[in-house]
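This report refers to the structure that appears directly beneath it.
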Amino acid sequence: MAMEPILVKFIEKPDLTDPVLVEGLPGVGNVGKIAAEYLVEKLNATKFAEIYSKHFPPQVLLRGDGLIYLVRNELYYYRNSGGRDLILLIGDYQGLTADGQYDLSYEVLRIAKELGAREILTLGGYATGRLEGVPRVFGAATHSHLIPKYTQYGVIFSETEPGGGIVGAAGLLLGLGMNFFDMAGVCLMGETTGYFSDPRSAREVLKVAVRALEVPVDLTDIEESARRIEEIAMRIAAEEEEEEGRRDLGYIG
Amino acid sequence: MAMEPILVKFIEKPDLTDPVLVEGLPGVGNVGKIAAEYLVEKLNATKFAEIYSKHFPPQVLLRGDGLIYLVRNELYYYRNSGGRDLILLIGDYQGLTADGQYDLSYEVLRIAKELGAREILTLGGYATGRLEGVPRVFGAATHSHLIPKYTQYGVIFSETEPGGGIVGAAGLLLGLGMNFFDMAGVCLMGETTGYFSDPRSAREVLKVAVRALEVPVDLTDIEESARRIEEIAMRIAAEEEEEEGRRDLGYIG
Amino acid sequence: MAMEPILVKFIEKPDLTDPVLVEGLPGVGNVGKIAAEYLVEKLNATKFAEIYSKHFPPQVLLRGDGLIYLVRNELYYYRNSGGRDLILLIGDYQGLTADGQYDLSYEVLRIAKELGAREILTLGGYATGRLEGVPRVFGAATHSHLIPKYTQYGVIFSETEPGGGIVGAAGLLLGLGMNFFDMAGVCLMGETTGYFSDPRSAREVLKVAVRALEVPVDLTDIEESARRIEEIAMRIAAEEEEEEGRRDLGYIG
Amino acid sequence: MAMEPILVKFIEKPDLTDPVLVEGLPGVGNVGKIAAEYLVEKLNATKFAEIYSKHFPPQVLLRGDGLIYLVRNELYYYRNSGGRDLILLIGDYQGLTADGQYDLSYEVLRIAKELGAREILTLGGYATGRLEGVPRVFGAATHSHLIPKYTQYGVIFSETEPGGGIVGAAGLLLGLGMNFFDMAGVCLMGETTGYFSDPRSAREVLKVAVRALEVPVDLTDIEESARRIEEIAMRIAAEEEEEEGRRDLGYIG
């Protein structure tokens, strides 16, 4: 008998009130992953399920104390006195294949539905190659009634961007959710170069998410991470400019 | 429980009379896609089913109003007072794998069979790299009795072309249809370079399809698109010739 | 409901006496394919089943009269008054994936078993890059009692060759047959360069197969095909030698 | 009916006492494979099952006497008067895909569990590119109580190495074992360059394994293989040094 494609280990089945499913898995610039893990940590959310799957790489990871764990996704919940409860999805990997991506998103939606979720917020990055300025946050929604809430936080719902659509769990959870689970939702995408893990972009996404989800999250630490990246980026940019200047003056062959 | 490989959402199950299944999905030069979408639009055909599948990319696409939809194929019907009814298959993608291609074609045939279809017309492109002249339309059939009707419209049933056979839904619907659904059919392939989306080739395919299907479709708009492409192509060809001329005269090293 | 991975269309279920399953599908130098198709043709064997599968490419092929057929494998039988009956497996493709290869070989063995087969002869090529001389025929068996019969026809059962084992249906039918169907068998591999379809190698394999299977097959036509290839090969070799000679003499820079 | 993904042929179902599952399949430097096959040979362990699967390559291998066998994994047992009984897993290949890797490890764990196993020792290599010195042995465990036993044999449980985790059966057996079979275990990884089969690294892994498993295994033969590799390695290193010296002196352009 073959192993089931997805094996979910429940730690508990929490009793939640109209929760919002929030996703942040590895992806472009790891923007969604950084943002969602920041929420889990700062909200001290409670893990209630681990998702193992043959759709993930056949691999264990080190925990740093000589111990290993099998690659997985994890579900947390947060009881929100200031707003709606949260179900948070984070993890080491997304599904390796199209089949795996669909299967995993479908399974997460089944669990979220069972826990009463009707709304989804997915977090991701949008590779523009652009480094200067404050990263903009783009949005895409399943239903138009969700858009005004986010535009008031500065989110851009563009006619054309992102041109290639949204690939992976951040898109699939919305697409499968609206078609097969009667859910509505929004994807927030922070601009990022796409070349490195980007806390600057995650910070901008978090600013919107924290307001939209009405959660008490202190953004000081992500601001700090973002600032460090900004300094590095500015230094590199300055060096490149200097370099170009010298080249223009003929100092370099 | 894993997601089913294919999920069909029916909007309605139309009552049709001896309908012909017409396919035009993305492929070589997008000839089939352009042609079939033109038919859907000009006939103002009615969508009756959406096909979602893990055989498609794990992706949502933007609709241009900040809203997303999950990649899919779509089935339309058209009640044809002048001839036989139509079932039209269009979509964003074909299946990503061999397995997916077979599964999706098989499922479409099951639906078409249920609706009474016994005949198929698939539309596609045939990459010849040839740009000059009016694109020819090649044909291939499941049964020889279907050939004369199409040769009278100028379709070429060649001994040797296309040499590699017909890959994807345009071929599979016919191959699976004749073997497992007792259907007969023809594939029309418009010559195209294979390097870009080609409304010129689609126009030639449409000329044949409109006559064969006896549908009231005005070809003015596709003529217009084709003309624009022709102008671009002629300009490029002229520039290339000029370029070569200069090269021959030694103007260019 | 997904399409079954393999769909077998039976034309008839022949009543055979202790038949031998003979396989020759596309592979190295197409040696097996050429040899097995030669047997089917010269024995005027009767097709009794067509095997369609999503493990094959999603493709139809042209028959040369404007008609198409879906890529497939085929099973023929031959009632042999001079020896044991034959079941012959030929086709357009082997399975595209490991999964597909196993599935298809397993299914063929199930059918052959049902028809009473206890022995297998698979035909293939062995790429040695070697062009000169008469191609040797290597053998590999499931059981040692089968070896003497073939060594008497000049087949070489080597300690080391082919080093990489036997890949594809020619190997799997034997490997699965011996383990799960209680069958015994031999694989004949004709030496070939591996760069082109090789009737010379097929001729050598056929010489052995015809004697082993005790079938009345005239080898004149394959001799003729082999001779044509030999002439081409010798001409190329001669030209290369001449070329090298000239190079040695400094005629060519 | 498709072939089952995994087919296990049992020769016997041994009655074992609290056995340890020991794995050594092909991988980095073939360290685990060399080590585990050495144990099987020196302990004269008894084969009790063969594992065939469509997750392996579609291939038969030669046994060296003109006979073939289908690629497989094998399970052996060893009744250990000096310590706990062993179940040993060796084989020709690991699963080709993520899906296959998970399936095969899961199946092996099912069998081991049925035979009473509660502990696992997996053997593998760790590519550091480092050739000089005695290869170190790194460890990773499912539970912290297992670590002290191995540190006393010199095994290093690092905070950071191997950085990429453990890929394949050596990792999965532990990861799936701890989560779904209530097992505990350790992976031993011998340092190796990753460029060739490395008996030196296997020797170091064996030194630890033999003590940890309390089995009477004479290491003379692996010492001999390791010494031969060491001599080759030292000769290459010396030549390279000489080469560099000459280069520094300008002898070589």
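In this document, chain identifiers A, B, C and D correspond to the written order of the chains, with residue numbering beginning at 1 in each.
Note that in this section a contact is a pair of C-beta atoms (placed from the backbone, for glycine too) under 8 Å apart; a residue touches a chain by one contact, two chains touch by 3 or more.
This one's a predicted model, so the numbers in the text were calculated from it and none came from an experiment.
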{"item": "Partner chains shared by chain B and chain C (touch criterion as defined above)", "value": "none"}
{"item": "Interface sides of chain A and chain D: same vs different residues, half threshold", "value": "different"}
{"item": "For chain A placed onto chain B, the superposition rotation in degrees, Cα atoms, nearest 5", "value": "90"}
{"item": "Greatest separation from chain A - chain, by CA centre", "value": "C"}
{"item": "Where chain C and chain D are represented by their mean Cα positions, the distance between them in whole Å", "value": "38"}
{"item": "Separation of chain A from chain C, taking each centre as the mean of its C-alpha atoms, in whole Å", "value": "53"}
{"item": "Two or more partner chains touched - positions in chain D", "value": "5"}
{"item": "Interchain pairs in contact, sorted by label", "value": "A-B, A-D, B-C, C-D"}
{"item": "Touch list for chain C against partner chain D, complex", "value": "5-6, 95, 98-99, 101-103, 105-107, 110, 139-144, 147, 157-169, 171-172, 174-176, 178-180, 187"}
{"item": "Contacting residues of chain A [partner chain D, same complex]", "value": "1-3, 5, 7, 9, 50, 52, 54-62, 64-71, 96"}
